[in-house]
Every structure is written in C-alpha cells, then in structure tokens.
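Next come two complexes built around chain A: one with chain B, the other with chain C.
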Partner chain A sequence: MEILTFEYPSAPLALAGQPALCGVVGSGNLEILIRAGERPDYCRIRIHTSARGFGEIWQAVIGEFAAGNAAGGTEIAINDMGATPAIVSLRLVQTLAEYAGERQ
Partner chain B sequence: MNAPLSRNWDSLRQSRRDRLARAASQDFARAVPADRIVDLLEAVILPGDRVCLEGNNQKQADFLAESLADCDPARLNNLQMVQSVLALPSHVDLFERGLASRLDFSFSGPQGGRLAKLVQERRIEIGAIHTYLELFGRYFMDLTPNVALIAAQAADAEGNLYLGPNTEDTPAIVEATAFKGGIVIAQVNERLDKLPRVDIPADWVDFTVQAPHPNYIEPLFTRDPAQITEVQVLMAMMAIKGIYAEYGVTRLNHGIGFDTAAIELLLPTYAAELGLKGKICTHWALNPHPTLIPAIESGFVESVHSFGSEVGMEAYVAARSDVFFTGADGSMRSNRAFCQTAGLYACDMFIGSTLQMDLAGNSSTATLGRIAGFGGAPNMGSDPHGRRHVSPAWLKAGREAGGANAVRGRKLVVQMVETFREHMAPVFVEELDAWKLQAAMGAELPPIMIYGDDVSHVVTEEGIANLLLCRTPEEREQAIRGVAGYTAVGLGRDRRTVENLRDRGIIRRPQDLGIDPRMASRDLLAARSVKDLVRWSDGLYAPPARFRNW
Partner chain C sequence: MKRDFNLRRSWFEASARARLAGLLDAGSGKELLPPAAAEPSPHLAALGLPGAFDDGVVVGSGRLAGRPVLFAAQEGQFMGGGVGEIHGAKIVGLLRRALREGPDAVLLLLDSGGVRLHEANAGLIAISEIMRAVLAVRAAGIPVIGLIGGSCGAFGGMGIVAKLCSHLVISEEGRLALSGPEVIETVAGVEEFDARDRALVWRVTGGKHRFLMGDCQAFVDDDPAAFRAAVEALLAESPVDVDELAQLRRQQAALTQRLAVFGQCRDGLEVWQALGVAAPENVPMLDARALVSLKEGLSA
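Our next item is the complex of A and B:
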C-alpha cells in the first residue's frame, strides 16, 4: 500500500455539487470520490494504491487531468487496486462530470 | 551426353508398401482397435520420419498424440514433428521422452513455457516458427509428412471421414501426405454406417481408430462480454468511427481479444446509431465468435467463412446457413487454409492486439521464457503485394500511403491496444523482448508477429495514429509515441511534433472524432454477459460449462 498526495492548480469548477462516487475497489479497478475542497483554483488529490512505485505515472495522469479539466475547488480521494492509467483517466472525467451534475 | 541417371524412382511408394506390409503382418486391418494403436504406430513410423500431428488451433488429435508419446523411444526416435499448434502436454512429452528431436510449428500457446525450457536445455531443435498458411505451403514443398496423425468426427466402414464443423487443417495435411507416399492415420469419435457427408475419401486414409474419448476442442474464441472494460468500449468507439466508417471497411478479420469483441458488440448499438449498418462489416473471415451473434441477428453480417468452429456454436451456425458455410447435411464446414487465403487476399482490414510494440511499429507476443509463436496473425496482418482487385477501403489506404497516383492499394492493418497491460506492463517499449528471445533461441531473426511497415493504424485509449500518412521514420516514431499514453515511450514524445501530427490528422484524439470519453459505458454493449448472447441466439448458442454462471 502506498499513499500519494498531489495538489495542482486547475480552473475553478463553476458549480460545486453533491459528493460523487464512481467505480469499484476491485482488481485492476479503482474507486473515486469527489467532494468540495477548500481552495477554488486548486484540485487536491489523495491516492491509496495497492501498487507501489508508480508515483511518476500518477503525477503525469493527475497533472494532465487538472490541466485539461475545470477541477478547481475539489478534493479527490482515490482507492486504487492496480487500475491502468487509461482506467484512471476515464474514471476521473466520469466522476467529475457526475460531481458537476452533467451526468446521471 | 550424360548417361541416364540410375536410381529408384518410386522409393516413397516402396517405403509405403513396406510400412503397410509390416502392419498387415501384425494383423492390422484398416479399422484399428484402440488398445493396439501403439503397436500400429511403431509398425508404420520409422526413426527420423517427418510426422504431422494434427494439433490445430482448436481440434486436437489428442489420443494419437498421447499414443505416440507412449511409443518406445528405442524404436521411434529423432522424429521431425510438423504441426500447426503445440497445445497439449503430450505434444511436448514427445521431446522430453526422446521420441522427437525437431519441431516446425506455428503456435504453442499454453505450452510456450515448456517449449522455451526445452530450447534452453538444447533438447529440441526448432526449425522455424511459421504463420499457418506458410507452414501448410511447406507441407507441399520441403516439409511433406511421411506420416500424418489426424482427427475426425466419424468414419464409415470403408474409412471415409466426416470432419464435422472443425474441419480446420485436416484437408491440407491429408492432401500433402496421401499424395506423396505417406501414411494417414485418423482417430475418430464414432463409427457410423452412413456419414452425414464425406470430407476425406477413404482411399486417402490408411487406418482409422476409434478413440476412447472424443477429441479435445479448445473454445479459443469465446470472450465473456462481462469482462469487457469501459476503456475497451472507448477504443472500440474510436475504431468504428475513425477507421471502419471512414474507410468503409466491409471485408475483414478480427483478432481474438476483448478489444475486438467490444467492437463486435457495439455494431448493433453504436455503429447502428451512426447509420453504418450495411456499410461496414458485411463479410468476414472469422471463426464463429459468440460475440458476433448480436451483429448477425441485427442484420449487419452477410457472410462469415471460418478457419474452424467454436464449441457451443454448432446449432446456431447450422440454423444460419445464409451467413455461414455449411454442407448439404446442414452442419458447418470450416477450412483453415482457405480462410487464411481469404484473410490474406480478400479482406481489406485486419484488426488485432499485441503484447508489445516498438517505435517502428513492430509487434510481438513473444516474452522471455515463453515461445508462443504467431498463428495466423502474420498472414492476416500483412499487406499482400499479390493483390490486384480494388475496393474503396484498399484504394483509400493506398492513396494515403502513396499519394493520389499510387499504383496499388493498401490493406488496413490495425493494432488495438491499451497502453498498459495488467500489472502495469507497458505495451509500448523501446526494444521488443523478441530480441532477447532471439538470442536465447539462437535464431537468425527475432520472432516479430507483425512488421511495423505493414501496420496502418495504432489505436489506444489516447487516440488513433494513422501511420499511412507519416512520411518519415521520425514521424512514424512520434505518431506511435503520441498515442502511447503514460508509458515511458509515450512520455518521451516531442510535444510540438505530436501537436503538429494532430493538426495534420495523423493523430486523432477521441474529441477530434467527436467522441466524448465519458460516454464510453458498458451500457453500449449489445450483450453484457454470456447469458445475453444465448438470449440473442434464441437459445441456439450452447456455451461450454466454464462460461455458464447461471
């Protein structure tokens, strides 16, 4: 188990909705919880992952997510069981859309 | 003038007569009792013989393989095995027990690890790893079998054979053996007074033996829709919209992975919504994939010719004879040699997956410690220079590669991969493991499955790279890096070059194709479980027990 924490500047999310939870904690998968954070122009992410030693890849994935989406003002918690970056990126944008109320 | 050559011109026939005489002297008739099969094999096979053991992709002459492995290595040794697939433990036992010494093959799947160990211990000499059609070709050139051990569904009293839906390699093997002085021995599941149809005539077959159990068939092409991921759905959406629709691909072959199973299951939903019914995926060189059932039932598919059958699909195929090739008796007829020919010359696209790809687009499924071989992929995944007939997809690809005045078209060869496999193994690598394997095998060339210069497109979760439009090796490399995601190869991209490639349409992201990745949901799959497939088939598909959870 490894715990990683990142904080990135990100465009403020216009609407702060109810907390959103997506995904499952299963092998090769992950669970993401997005809720309101403290700083409106920052996105703070805390990751619990079963796979050690992939900090650099997490940093790249999260950095691109924060730069490419309006995720400012959120706090994101991730429970990861060895999901690939493709799954992580997809689940992040899906959860953010749900948090922003764009998706049922 | 030279004197006429003095030699015996019918030594093969003479040898054949001697072998049959030895069998006759031990009271063997054409129908051999199962408990005497080892005696027969020791009577008709000679040390050093080239023996073709029918190990196909699916159907296995397993009783004959086990019986050959039970022969006495003091009597039978140095056998030169030729077989398309090394699938069963008994196939490797032949080498471990000292019966056989050399192997020419195509695919070793589950035995890849044991095979690599034998090579390292120098207990086996590998002639070459082939693609199926290439190996069949050599059966008629320099690898003609002295003895063929084959599998059939049924024999009649005369020795005619019925092969059932899994015809596979049998016709090619028997033709090469029976017409060059060889001996053909068939194991059969049953003896019938009257066969449903005759697939191999009796005078091409020397002996038949009823095996104590039906021959093993591997359900190699069954993919449970429940295991398809959202990333695979996303890549399937990109492939359908960015390649199938744009080139109007009607004639194609799919690999066996979950990536292409996702495409099959999106045809009745996503592709239909895009108005593509009748415009793509009408004619297939494909085994009867259960995941193709919804597309067939939705009227997408006009014709499917198959290499082999698939366990559980027999009744469904028989009930859809407009789509599949079937005999007058109603049951399926497959043929690996002909279907590989169709895959080579009559398909406009091959799409499949791989374990590794390098910066030149070369791909390989070889990994250290495993010699897995290739099967049909090198054939289907190659651009045939002998092709002359045109089709819109072939022309468009050819003009993208060679300009508006190109004198030939191009086959679409698409590699579809998620950038990381399970356990975070990167698919994109600087150097293929195949090179290390080459050194370990002492081979002349690394076992590359599909050559980079045959690949037209690479699809990953990050986008599509169109290699046809690249004009220099450097551009190809950056196009591949540009879809390689967060792998070291992907992170090593030149960002400006990649953005330039994107501006030129060489790299296309999901949003460039009008695809919102957030919409990639398993809800788009026409079937989300094996049970859904059974329902689509109106109860005709009977999945093997291991795929039933109800």
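Our next item is the complex of A and C:
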C-alpha cells in the first residue's frame, strides 16, 4: 500500500454540506469521502492506494480536478483498490457534486 | 433534476447503500458511525491493504412502511463482505441497540463469504458475538429478518447467522450455505463438487433451491422493491417467536427427516424430483411468481 498526500489551491466552494461518500473499495474501484477542511482556498487530499508507484499519475489527476472545480475548503480522503485515472476523475466530480448538495 | 431512465434496478448489482435506499422509506435512513466518523480496519493497514471507512458494513435506523427498523447492510464488493473486527463490532452493537430501543424488526442485508481471513481470530470471535446477539434480540420478541441476494451470498459464519434469523428473504441470485463451493472442491476434490460449474453451484446453494427446501420463507425478484415488499409482508404478519423449544425440536426432527430423504442426492435436480416437482429440469427457468406457486403446490 502507498499513502499519498497532496495539497492544491482551488477556488473556494460556496456551499459546505454534510460529509459525502461515493464509491466502494472494490477491485478497480475506490471510495472518496469529502468533508470540510481548514483552508478555504485549498483542497487537501490523502490517498491510501493498493497500487504502488503511481504517484505522478495521481498528482496529475488530482491537479486537474483541483484546477477545474471549486473544491477549496475541502478535505478529501480516498481508499483505492486500483481504480483507473478516468474512474478516479469521475468519482471525484461525483462526490464533490454530492458534497455541494446536488443529489443524483 | 430527476431523471428516469426506466432501467431495471438490481439488488445483486447495487452497493449496500443503494440497497438500503431502495428498501427503506425515502429519506428515513440514519446511519450510525457514518464514514466520516468511523475508522478503517487497523488489521488491514498493518498488512498494507487499504481499508474502507465503514469497514464494509452500513448500520443504522430507519423506517419501512412507517415501521421503525434497525438495519445492517454488508458491502460484498469490499473484501467479499468479510467480517473483520470493526465490521463485526458494528453489527453486534446494532443488535444490542435493538434490545434497548425495541424496533419492529432488525434487517440484516447479508452479502458475505464469512470471516475476513486477514483478521481471522477477531473475525471468528465477531461471528460468535453476532450469533449470540441475534438470539438475544429474537428472545426479546424482536424479529431479525435476513435478506440474501448479493454477489457473495451468505456463506461461512454469515451462513450460520442467516439461519439464526427469524425469517429469510432470498432472490434467485442469492446463495446460502456453510462451506463455499471452492472450499468444498479444495477439501473433498473436484469429483465431490465442481466449483466451476456455476449452474451446479446455484442448484445446490442458490435462492430457488433454498426456497423450495423451506430454508427461506420468501422468494423475490432481484429488485430492491421486491425485497421491500417481502419485508413489508413479513412485518404485517407481526411475526413473533413463540414456544421456542418445541419449535427447535420440530426443526431438528425435520432436518433428520431431510437427511434420510435427500442424503443420497448429488444435485439439486435430484432433490427437486424427490420433493415431487414434476419437471425439475424446468426449475432454473421459472420466474419468481411461477416458483412461488410451484412451492405452494408442493406444500398443498
């Protein structure tokens, strides 16, 4: 297992909701938990992943997410069981939408 | 925006949380120890494996058709629904809470291969504690209803827990047994049981077989709404366990009788024939309604 921590500047999220969880820690999948963080213009992410050696790809995927979404003021925790970058991106946006109060 | 794609919803494919959303009255579910408050398993972390925030089980309270219930829903996609220390403690805590709160029922949404082998001893102890707690809840007059229709079925210790429930609801996709097919094949050889023969596995452990044998009280379609309707019907009967010792003696006698009648059978097909099913080879193709009426015909 590898534990990765990132912190990215991101536009502040207007509405802070209840903690939101999406996904399951199953093969090729991951779970993402978003809750309120301390710094309103930063997004902190902590990842536990079963696949070692993919730090650079995580950095790219998370960086793109933080730049393209208003995710400031959040703390994001991820438990990953080998999800592909596309799945990670989709789950991040899905969880952020739920956190911001947009129920599917 | 509400979108209705008119897709069929499957209990088998749904996550534990999605199953609960379809089972309970809309918006009534309240999770105890939600992911943001819970800790992943320290045992898995010590082995270098990522855990899940809820340790693979969602527990809480809610309403079904207006009646207060407590629930525990196992997530089969995480570690095969395996029961680890935290996972088990959450279920035991929920059952003890039932003794205090007295809900109309405790619903166990089972989806588990049994003990999580990474936490072997803690998992085994957890299973025995769950068994004891289920019996204590039933002794207090609160029905414990098991729902089986997930990809992992109910095997190992959770197979035992299932059979301790007051009532079981199962779908065709659901499976219920003690040792899993691969375990039997490994221990007794492929001549005894071919675990790769999926049709055989379902003819021996699957929902249709379990319902025909009387091991499960309700047989439903693979749909959260169907599971909900079955639980609603059971709750409407106000099930209470009465005269337990006499009931246990009757069950023991029935099991002895079952062994005598079916003990030599090698396949579900032979069992169904011995049960009096006219065309056992057609059973796998029957839909839920047809199977239920077939069963009613047998008991008549």
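To be clear about the criterion, the second predicted complex is superposed on the first by the 103 of 104 C-alpha atoms of A that agree within 3 Å, B and C clash if a C-alpha of one lies under 4 Å from a C-alpha of the other, contacts with A are read in each partner's own complex, and residues count from 1 in each chain.
What we mean here is this: a contact is a pair of C-beta atoms (placed from the backbone, for glycine too) under 8 Å apart; a residue touches a chain by one contact, two chains touch by 3 or more.
Note that the coordinates shown come from a computational prediction; the quantities given were computed from them, not determined experimentally.
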Partner chain(s) touched by A:A97 [first = chain B, second = chain C, both, neither]: first
Which superposed partner A:R39 touches (first chain B, second chain C, both, neither): neither
First, second, both or neither for A:A60, with chain B first and chain C second: first
Contacts of A:E31 with chain B and chain C, given as first, second, both or neither: second
Which superposed partner A:L21 touches (first chain B, second chain C, both, neither): second
Touching partner for A:T49 - first (chain B), second (chain C), both, neither: second
Partner chain(s) touched by A:S89 [first = chain B, second = chain C, both, neither]: first
Partner chain in contact with A:M81 - chain B first, chain C second, else both or neither: second
Contact residues common to both interfaces of chain A (with chain B and with chain C): none
Interface residues, chain A side, partner chain B - complex: 28, 51, 54, 57, 60-61, 82, 84-87, 89-90, 93-94, 97, 102-103
Sites on chain C touched by chain A in the complex: 15, 17, 34-36, 40, 45, 48-53, 75, 77-79
Residues on chain A engaged by chain C in the complex (per definition of touch): 1, 19, 21, 24-27, 29, 31, 33, 35, 48-50, 77, 79-81
Chain B to chain A touching residues, read off their complex: 229-231, 234, 418-424, 460-462, 485-486, 491, 517-518, 520
